[in-house]
Each structure stands twice: as structure tokens, then as C-alpha cells.
């Protein structure tokens, strides 16, 4: 006997967009990027992703238990932190340092503030900022992409003993006999030697760099999918990219031999990954529509300013952390006026 | 400081021990943060800074206690500052004579002892009211508490940041130093971690006391 | 906490209090000032010879480090009229002339400075007139990032650059024949080039700039007054 069809009149209840459903979808969107990272850098990238994710989950579990908040691992947000962190690290980054980064990121960036929803900054970037300051050499040691034999052997520095200096990769890289390898990412080449690699290579990801930041194209597709499903605010990445491109444009027009083109600025380094997956962090970004645009523009402008005039090669991380910190301020500035309420005056405050 | 209503404290073990734990200038009162964060990047610097501060603290407290009935209250702050500045200048010359290397490492923070609020705080709150011998014991305790706090930061930062204690390497050749620990942010990280530990201990102790006396149930 | 309590008691004017007499205040402040002055002068007098000696040893060590073979030094200053012995009212930047055990001139050490990654880095360079080159370098003060920028003081391969860095003058003797420059790692072709260092690009550039500026400033005067310097042997 067929089931009777139940028909009801409106209003219809829709399943609410729960936290863990959004987070799970972000993880799905990140998986293709992870797959490309593994395809490009091999076993080391896979181990890196597993290590940071594992360490992040363990840290979250420990702090949730210690503070009696119950199980917060199942909301998937910590998995995003772990994966994002791995994607921002150099593929040959020693695993023990990656674990330290994940621990610091989740503990200092999230747990101490009270867990998901209370963190001021993006936990993955807090972890990365810490290891950037603690291990400046290891985090700027790059290895070539598409090394032969990358699926059977790991980059030597990956398995460094805890608390020890990374095993040098110089000899290993030399043994690969890659002619064009200089040990620098496209960003560093542009900044210090004014050699601008082809924008097509940078766009598709045929370059060296952090594990998951190389292919702008793939990040764009995954990000657009999320935006299409309305699980991330498209205004943020668009504002970040606009801010970056518009800041870079006048300098490039002034002296194109010294300054990078806006295309290069958009697709190189971590700007795409940062714009689509980190700046758009729901907790750490402002809540108003105009605030979100202001926040995105700020990230784009600061990134380019750091890249062009700072001592560092890449500025996305600090730009996003800075904007995260300014987030609450931006939210309060851009608070919409309550309909009918009088314009606030200084005296009224 | 519940002792205040009592004008003249009687000498007891607590006069000394307060500075180490319950009224520790760094971990309990969070005073004098500037040298605590700035010069604790190695054990040696921490010891030198702690001893220099203790010297200034003890000498100035003694002199202030000695002159306490002689300084009119209207000019007391000016008098205290002159006395403290005198001893800071003495320490400044003394360290230059002992080692210029150490002097360069501590930098402006020796001169800045003069504005360390631990010292002026002791002068105002204790030495200006108490007798000479209790002042001596109390300021020694405070100085020791300050030195121990600096040492607690300095050793952790040197072990992680340079892999050594007092310049003696602990881990051999391949150790990876955590550069951030000897940079200023490391001071904040380590101080935060120590405060976390001490507050956790304190809260646990308080909770235990509450449970034993049954106050928890009434207050609940 | 305690201070707050104290301030409250202080700010309560008791009934019938008079305006405080100024004599005790004057007496106290003057007395404390005299005592303070006395103590400071005593300590200053006692420690001054030791401090001067410490400073002398420190400079001497630095000078002997950048001038191989030097065992004694004589201080000069660079005035507008050229190099003059220090201490005779001459004002200018100090240079140190190093002599070997045989009272033979071994070279001149002069300071250099340039803005690095964090802050101004101060150097001491050793110049040997015999080979017309820089023969040694030492970082006197630096706050460069440990592990990256401070390689300019620790990396033995990089420091090789400063063992025989050409600083010869143009025929007129007024400026360097070839400016000292930093080139990318592995592309050094001329003796006045410094082979760069990976991971410390900015600090390395600063060091090259400091060496170039210092050589431009001091070497022409040193070459002109070479006889005067050699005659100053202790």
C-alpha cells in the first residue's frame, strides 16, 4: 500500500542552516584544494594536512573537556582550522612545528576566548602567525612543485625530530636537478629581483608556494560554489580582491618594471585562499553589510601595502589578522540606524 | 593589604613571605611590567635586572623608613623619587663597572627602574609607616619575589628561545630555537602562561577551602 | 590598592589644620638632595676608572678583531681638515689605527651604520691600506631577527666577503673607484661585490650600504694622511 502523501498549508518550515552544516560544507569545499596540494607536493602535503587537522582536533577536545563545554569537535569548525592552517604552510614544513602551530592556533586563538563564536581572530592564522615569528627560517623554506617521486618519498624536512632544526632540503632539491629552481616563490622573485612569472602559471598553480595557496583557479571555483550555496558572504572576497587590485593598479601604471601587475597581485601568494576562506570567517568578520565591504577593502589594501613596501614578501596573513581585530569596531561604526530613530548626536551619547 | 589599619607591623615570617606569594609584585599585583616583559629574554638578564631592582628597593625603602618622621607629607613623593633616583644612578654605574656587555643588554631598563611602581609603591605604602627592621625584611621579600618572577620568565624564554640556561646549551647542536620567545611577544606569551598557571592554582585552592567550610552551599 | 587608601587619608584636611610651614619642606628636600648628590659623586668617582678601562678593552677587542695582526691601537678622529689624533680638542667620528707587534701599521678600523630590517645596525670595518681593501667586519649593535637577519654577523660564508673586499680609490683619490654593492647569491664576479645571503636580503643590503658609505667617508682621508697615521705608532 502506497504511503499517503501529506499535504499541509503554509507557512512551511524550512530546516535552519545549522552551524555544523555550514562548517561541513566548507570542509567539502576545501577538499579539492587539499587534493590539488597533495597532487602537487605529494606525500608531505598529505601528512601536513593530517597532522594539523589531528592536532587541532586534539587541542579542541582537550580544552572543551577542561572547561566543561562538552563536545565541540562535532561542529566541524576545528577541522576547517586544521585544514586551512596546513594549506598556508610550506609543503616541507616539519610536522612537529605544524602541530605546534595547530595547538597555538586553537588554544590561543579560539579556546581561551571561549570557543567557536567568541574568537576575535581566525584561529588558523593565529597559529600561522605564531610559527612565522617562532620559526622564520622553516616557514620560508620552499620546495619545488611537481617533484618526481613525490608520491613515494617525503621531503626530508617533514620528518624532523621534535624540537630539532629542520633537516636541510638543499641537497635533496639539488638531487632533483631542476634547472630553474631558485628556492623562491613567485612573490619573492617579483619583490627582490623584479622577475614576474607568467600570470597563467600563477593562476593555475604551476608554481611553488604554500601547500594550498598555489592554484588561484581552483580556490576561485571552490569559493564560488560555497558562495552559490550561500554559505559564505561573497561581498568579503570580492571586496578583498577589489581592494588589492585597485591599490596595486596605480603603482603598476607608474612603473611596471618595478611593481607587479594587478593580475599578479590577485593570483599570487595567499591572497585568493585568504580572501575566500579566511577573511570570510563568519565569526571574525563584521556583521553589517557595509562593514563587511569596508573590512574586505581594508584587507586588500593592507596586503598590497605590506607586499610592496614592507620587509615581508607576503602580507595577507597580517592584513586579515589586523582586520579581524578591527572587526568589532567596524561593526559598531556601520550599525544601521533604527527606522524612525533620530540621528545620534554627540550630546545624546 | 589588610595590614594597613595596624600602623606598626610586628616582624613575622609573613612579612617576608608575602612578597613571594600572596603579594608577589608580578604575579599577584601585576606591577612593574615594563622590565618584566622587556629584559627577561635570558636568565642572566633576568637575574641582573632582579638584583638591581632589589638593591634599589631595599636601599631606598631603608632610607625612607629611616627618614619617615622627618619628611613632611607635602613633599614626600618628591623626596621618595630623589632617593630612588639616587640608588638607580648608583646601580647604573655599578653595572657599567661590572660588565659593559650586561649594561648593553639591559639598556635603558636600568634607568627605568626609577619609575618602577613596585618601588614607589613600597615606599608609599610600607616604608613610610613601618619601622626599620620590618621594612628591611619586607622589601627583601618583595625584591626576592620580583627576582623570582623575572627568573621564571627568563629561564622559560631562554630554554625555548635559545635552547640554553645561563648560556649553557641544553640540547646540543640541532636544537631549533623558538625565535619568538626572545622577541618581545615571547614575554607576553610566557607571562600569560605563568599567570594562567598561578590563577588556576589559586582558584583551585579557594574552591577547596570553600568546599571544606561549606560556604559554597550557602553562597550558591 | 594600598595607594588609593593612603590618598584618601591624605586628602582629608583635619579640622583646624594650618597651612604647612615651608621651612621643614625646604630643609628636607635640601637635605635629601645633598645626600643624594654626595652618594652619586662618590660612586661616580669610584667606578669611573673601572668603566673607562672596560670601555677601552671592549673597543680594543673589536678593533683587533677586524684588523688581523694588530696588537695595539691609536685613536684618531675624522675632522673637516682630515684625520687628527684624538683628545686634542679634535671633534669628529672616531677611527682606530691598529699596529702590529713590530709597530708596523696594520690597518684602520672605522665605524659604519645603515638601516636594517628592524633598526639601524652599527658596524666596525677594518681597512688595510696595503691591499686597499676591507679586511674585517664586526656588528657592534643590531636588533635583526635572530636566525634570519643576524646571519650577517654569524654566517661564515657571508663573512668571507669582508676578508678582502676591494675598496680602492679612483685616480683622483676622492672617492671609491667601484662602489661596494650586494649582488644576488652566487653571482659575485668582482672583488668589490658582496655575495648576497638568502634569508637576510635586507640586512645584507644594509651591511653593503654601511660598508660603502663608511669607505667613501673614511678611505680618502686615510690614504691622504697615511704617513701621519703610520708615524703615530706607539
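The letters A, B and C name the chains in turn, as written, and every chain counts its residues from 1.
The rule we apply is simple: a residue touches a chain if its C-beta (ideal position, glycine included) is under 8 Å from a C-beta of that chain, and two chains touch if they have at least 3 such contacts.
None of the values given here were measured: they were computed from a predicted structure.
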### Query
For the protein chains shown, what form does their contact graph take: line, ring, star, complete or other?
complete
### Most remote chain, CA-based centroid, reference being chain C
A
### Query
What whole-number Å value describes the gap between the mean CA coordinates of chain A and chain C?
44
#### Entry: Centroid distance [mean C-alpha coordinates] between chain B and chain A, Å
42
#### Entry: Whole-Å gap between the CA centroids of chain B and chain C
33
### Message
Give me the residue numbers in chain C that touch at least two other chains, ranges are fine.
### Response
145, 147
### Query
Considering chain B alone, which of its residues make contact with at least two other chains?
179, 183
### Message
Give the residues of chain A touching no fewer than two other chains, as numbers and ranges.
### Response
136
### Summary
Residue set of chain B touching chain A in the complex reads 171, 174-176, 178-181, 183, 185
## Note on the structure
Given the complex, residues on chain A that touch chain C span 136-137, 140, 183, 192-193, 311
## Note on the structure
chain B residues touching chain C in their complex are 1, 4, 67, 70-75, 78-79, 82-83, 85-86, 89-90, 93-94, 96-97, 99-101, 104, 121, 124-126, 177, 179, 182-183
### Query
Which residues of chain A touch chain B in the complex?
97, 130, 133-136, 138, 160-161, 163-166
### Query
Mind pulling up the chain C residues that touch chain B in the complex?
1-3, 5-6, 10, 20, 24-25, 28-29, 32-33, 35-36, 39-40, 43-44, 47, 50-51, 54-55, 58, 141, 145-147
